[in-house]
């Protein structure tokens, strides 16, 4: 599948596959939250209906072409990341870009969002973007640190190779098991990356009226939703590849995806959100030292 | 082209803000904003994340109740007073009925007085549960609203059974209450009380002892005792500052004088302390409800009043106070001996909490705490607007 | 007589003893001393009386500082249009003695002016602004009399007795003109019987 | 500590256990969730039970209930064709309408869902089936123990049987002020009584005035349609109380006693000053009224108010007719009659007593002297049973005896008496004779017998009960056979059982069972089976008068085929006090039309409104005359004077007739507030401009209503002009 | 017009409508006291998310504008601003008596009496206020309507803008809404269709 016609078919089909997975994950997340809240919850594929609804709306409001370009950046950046993240049966692009590339591309969507929201001139949106960047400062360093540590230990920055190394010895060689400090620290970062509570400061409806999404309606919001759903899959996959040994087949992949998402959503359901400053303080007080300690331990071991 | 601003009417509220040499900018919270309790607006001048100046804007819910009451018969008003405060309507009915009873020297049958206390306390429980939901919502913890508001629904079901209406009860009448308890009602009240009592520890687990709540609510919205007194705070907001004043104790009405209950207070004077006062008040209310059901005598529930179409209340005036879930709720009624009230002044509890105190407390706070501070004051905009 | 009227009833809560007597004594001491007011005990925990308009501020200050009436519960305004007067009723509550003093002040309807007490009680600013909006009374010394609740209102102060909300509504708004689904059941048809008074502004 | 901290961090995760639980969610709308037993849902109305009193519409604080006339529902005694229609664009589900419903016909179901894009479906005419014609159990319904309405009467105090047994002192003591106000407070002002009252008295208004302790106003309201309130307050047949909506579930309001209370409080000397009746300066046209009974006096009263010279002829020495000579004093004291009559006479009515028209003075002679003659001679001839023995000297006619009692004539009263007849006259004579027996012999031995059985006896129940208390023996359901005379002395009355009184056609055709014979002992027999007219007074016109059956043919204003001759009272409508008053009132109006040569256009329901308009215009002129000369008001006085003229012109010939129609009375009572309040708000003297502005608005509303109500083109034009005037005036002063 | 549109629906329109009806977001704006029954409807007891209905924060994101009861003139101004910012198709749901004929505030000097004079209303719910069950039934009938393609009242605002504008001006004086409504109408192809 990583060459020839199969590759082309895969490249074309992958966004849809990943979107479908995102829809299922999103629906599952909402259903799970609903059940914790003792209610029935929406349909399993509710995000799909939402996206269709949004994309079919007659959007008559535009905030200039920069806004439209920004939306392209948002979705495009996420799609690009998606291709570079290896999944079972598809790791063609990961040979061209290791995790460092992914790190860079991952920054594109937030920047696109910042650009787009900037066009709307809504203070809530601007605050939201400012918060998003602050949060980036909070979790990005830690996440990079965990990766560095992990890469140092295994001597490669290629995500595919890291994945293969982990798969070599079953659960015992999973990143989370071999480097629990790094794994747990990265788990906190994942929660932050996915914008879930307690780090959901960017959207924060009660504070800044959904922040970046304030002025988004119709197709723009639809794009953001699509981006969000694909992003779910991408971010979960990155963590999975780094610390949960990736997946060898699709069954395992989906199972791990949902299991990981269950954890994320459970935390999301039982905790409120931090204030921005508390969130940053939290990131710097707990995951960052953990990650640093992990890296130091690896360095000590390595010596 | 920003919706939140245009949802306000765009009047420039604070001179000097938005100027290029200034780092301050205007920000509107409401009237369309989930962080607002009801239809209300905060106009903020913000520098960075800090609120420099704050002003409230009300009147979106203004219906002119005081005027409407002057244009309606005494009996007709019992249907409209409940609408003044939506989450906690019964203090209105209580006040209205009691104002007339005071002016006209009407005695209320003892059983009716017990039933009124029962209704008031159930209403308080419902209102507090509602507020918990709102407060938890401001920190994004949506599990609690889902629980507490659906638990409040049990209380509303009791109301529906007793009064025929879920939210607006139209049950207190000058001279008593409109109907006696239905058969088997006492047991169902007790069941619901036990249910809520069982649920409270679960709330503690997820909400009141939640580290995030402690992190966010402790130390914000501090209203020290001296300021609380100076600015006219009442009810749980005053008690949260450590001052144990409760109209039920200090100016008892109905049969509160015969019931045993504590007045919970907090020490820290912050949002969390006020929240905990409310949480402990639910326990007290449950205890009051049990006492009421236990002590309630048999007998009539309504002291017959003249034909409502011809009913005149003798000339006079009365100032009646009730402890609502939000604080001191008072009515000043003047009758000139006619068939309509000459004047009814509604003093909602939120006229201090939701306006000046809120403005003072928001100044210097961070914008992410704005709505939490508002919910911690439990301000109810319709009380301000009337 | 109706059987229900003879039902067992309790009277309102008994008057608190001790401290309140002292309160009454103090209130009457103030009134005697200043000669600006007359007060009487109306019912348990309720003292009411009349104060001259220009003396209210000093009376209130004395009430607060000497008798401990810390809490301004409300300021109510009553429009006695027949007498051409506004009555302002200040309700003060004493946390210490659990007593309410209602001080009445009569001011002429025109021009309707009164000294503020916001310097003594901050909450007064809400009530004074409210009365300003709804009755048009001006409180001298209150700097915050900007429109608040009625910021979009163009008519006269609505709580004045010479303003009829009902008439205003009939003149400024349009009511629904139904075409009932049961029109054939009505003798002469619904519109033959419609009551006048609605939708008269068009 | 650390463990505790970690524990507390993990505590929220206990919430995860709910994943496995069944959700708390109720599966609506798939499964209907019934509302509580008392739920205040949509209205249902039992169309048959409902009497259309409109009390629900009165109490509705949202003006959400409108009374609409439903096809197939007839107006009748105590009911109207109106039924409530409910506007769910207004309703607030407070259920005050249900609690106040006089018949319990209105209730609420437990149905709570109605969704529609069409607002018209939110305006419903509730019937038994409910809004969607689906079966839903009843929710909120009236509770008999907790009811807004006072279903029990205030008991009227009366003399006990011992106290009253031997005297002619009035039995009924009358209400005290508290009792009267309490009784008045029961009224819901539905106006059914007004419709049922033959004279259409403004009953809700005068009851309301009693409740407000404004007896002057109460009297004023009564005199609008009835110049004999003192008399009516005692002996009226009170059709109003039969119609009373409170009577459906409880005891009707004691309307008669309330009237009596109000009039008793107004001393005779104050009547003319309190009742500010404007007596028009007497004109040249004259009217003769023959008979000073209720009908004649009523006609005289309204005619003299309209400016006619009225002369009343009466054969008895005193005016009053049957009121005086046919009523025992214990029911109607002579002072009450004198008070009413003296007031009427004081207005300028000339009374000539002792003159029997037709005997002392032929009718044609009267016709020559007067422009119009109103005959109100009444029923003075007693009917006879014509059984054998009735020509005996100890057989008396009740009416004759009653008159003799009044006059103080002596006549024999035997130890044992039999009275034949079951009506109120029979009761009167029986109870009068019982008193005389008691006085003379110390005991009562008197039998009353009649054809009708007890349940269908025409006499009032209370009369029968009181009579029984006084010692009278009732033998109902018996027909007289013959009077037993032994040696020229009556010893008793032989009767047979009456099988039935009326035949299938409801005609009077008694049948007797001749085998069932009873004899009642008595030395004196009184016949009280009814009275009839005496037509001899009409000579010499008897032949030229058109007859309708056994009665003289008259039109709706009681004008006979001889245009100068009006016939009123018992002769036309049968014996009834209040009907007599009404015929007199109507005839006065007919006379006015006849002599004023005005067309008898339909009396529209706008009359009442014109009365208000007149008051409004008069007040307007008066206020403007008092007002300071301000530039803003320049020229306004002249315009208002013209307007007053317009209204007066419209009213001429109408203002004596006040005929409240059901719908109007309700419209009026609702809208009245606005006008009257507008009037009350006007300060005197200063603030004249504001006053004019306020009035302008009130005027606009007043004429808008009238414009809607009127059907006459002439009126419409006038109303339109006036309405425009006030609209522009209001706009000028920016109140609109 | 509406009938014509209904007959002209293509299969794609039908599929789209049936997907769209599964996701409806209502604006989280408590315009009046009826809003107090919304939290129970949203939360566990009645859980309207079952039908894909969620509260949304800003007008741009919302499909349904709930007018929860009375509207004071001051709020009406905001509501009109909000309505014009909402992205079509959008639906106004009148909630309770007050939106139909003034409700219990029929004689109030500050509340409007008939909502449909100022905004096109898709449907009304009876009640003061409607129970959560009734609200959910109401949403369900709105869902049905959308599925059938009958929920087109929003187009009326563009077609008859003069009518709405006249009534709006009558209560406000002249109102500035930042939105060129006729231009929007042309964008949606509603006004061209008319010309």
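Chains here go by letter, A, B, C, D and E, matching the order in which they are written, and residues are numbered from 1 within each.
Everything that follows uses one rule, which is that a residue touches a chain if its C-beta (ideal position, glycine included) is under 8 Å from a C-beta of that chain, and two chains touch if they have at least 3 such contacts.
These numbers were taken from a predicted model, which means no experiment stands behind them.
Enquirer: Please report the minimal path length, in steps, between chain D and chain E on the chain touch graph.
Expert: Step count on the best path from chain D to chain E: 1.
Enquirer: Which chains, if any, touch chain A and chain B both?
Expert: The shared contacts of chain A and chain B, listed by label, come to D, E.
Enquirer: Determine which of the two chain pairs, B-C or A-E, is joined by the larger number of C-beta pairs in contact.
Expert: Between A-E and B-C, contacts are more numerous in B-C.
Enquirer: Sort the other chains by how far their Cα centres are from that of chain E and give me the top one.
Expert: D
Enquirer: Taking each chain's centre as the mean of its CA atoms, which one is farthest from the centre of chain C?
Expert: Here the answer is chain A, farthest from chain C.
Enquirer: From the C-alpha centre of chain B to that of chain E, how far is it in Å?
Expert: 30
Enquirer: Using CA atom averages as chain centres, what separation in Å is found between chain C and chain D?
Expert: Chain C and chain D have C-alpha centres separated by 43 Å.
Enquirer: What is the distance, in whole Å, between the centres of chain A and chain D, each centre taken as the mean of its C-alpha atoms?
Expert: The answer is 85 Å.
Enquirer: Between chain B and chain D, what is the gap in Å from one C-alpha centre to the other?
Expert: 51
Enquirer: Going by the contact rule already set, what residues in chain D reach two or more other chains?
Expert: If we look for residues of chain D contacting two or more partner chains, we find 12, 15, 23-25, 35, 61, 87, 89, 92-93, 119.
Enquirer: Two or more other chains touching the same residue: where does that happen in chain C?
Expert: Where chain C meets two or more other chains at a single residue, that happens at 2, 150-152, 158, 161, 163-166, 176.
Enquirer: Using the touch rule from the top of the page, what residues of chain B touch 2 or more other chains?
Expert: Residues 1, 3-4, 33-34, 59, 62, 64, 67-68, 71, 79-80, 143, 146-147, 150, 168, 206, 210-211, 300, 302, 304 of chain B each touch two or more of the other chains.
Enquirer: Touching pairs of chains, which are they?
Expert: The complete list of chain pairs in contact reads A-B, A-D, A-E, B-C, B-D, B-E, C-D, C-E, D-E.
Enquirer: Give the list of chain A residues in touch with chain D in this complex.
Expert: Answer in residue numbers: 32, 34-41, 266, 269-271.
Enquirer: List the residues on chain D that touch chain B in their complex, please.
Expert: 8-9, 11-12, 14-15, 24, 35-40, 55, 58-61, 92-96, 99-100, 108, 139-140, 143, 145-146, 148-150, 182, 184-189, 208, 211
Enquirer: Can you list the chain B residues touching chain C in their complex?
Expert: Of all residues in chain B, those touching chain C are 57-59, 62, 64, 66-68, 70-71, 102, 107-110, 113, 229-232, 234, 243, 245, 250-253, 255-257, 297, 299-300, 302-304, 317, 319, 321, 328, 330, 332, 334, 342-343, 345, 347, 351-352, 355-356, 384-385.
Enquirer: Can you name the residues of chain B that touch chain D in the complex?
Expert: Touching chain D from chain B are residues 72-73, 75-80, 143, 150, 157, 160-165, 168, 170, 178-180, 182, 202, 205-206, 209-211, 300-302, 304, 306-311.
Enquirer: Going by the contact rule set out above, which residues of chain E touch chain B in the complex?
Expert: Chain E residues touching chain B: 27-33, 35-37, 39-40, 43-45, 55, 57-60, 70, 72, 74-75, 77-78, 81-82, 85, 104-105, 107-111, 128-129, 131, 178.
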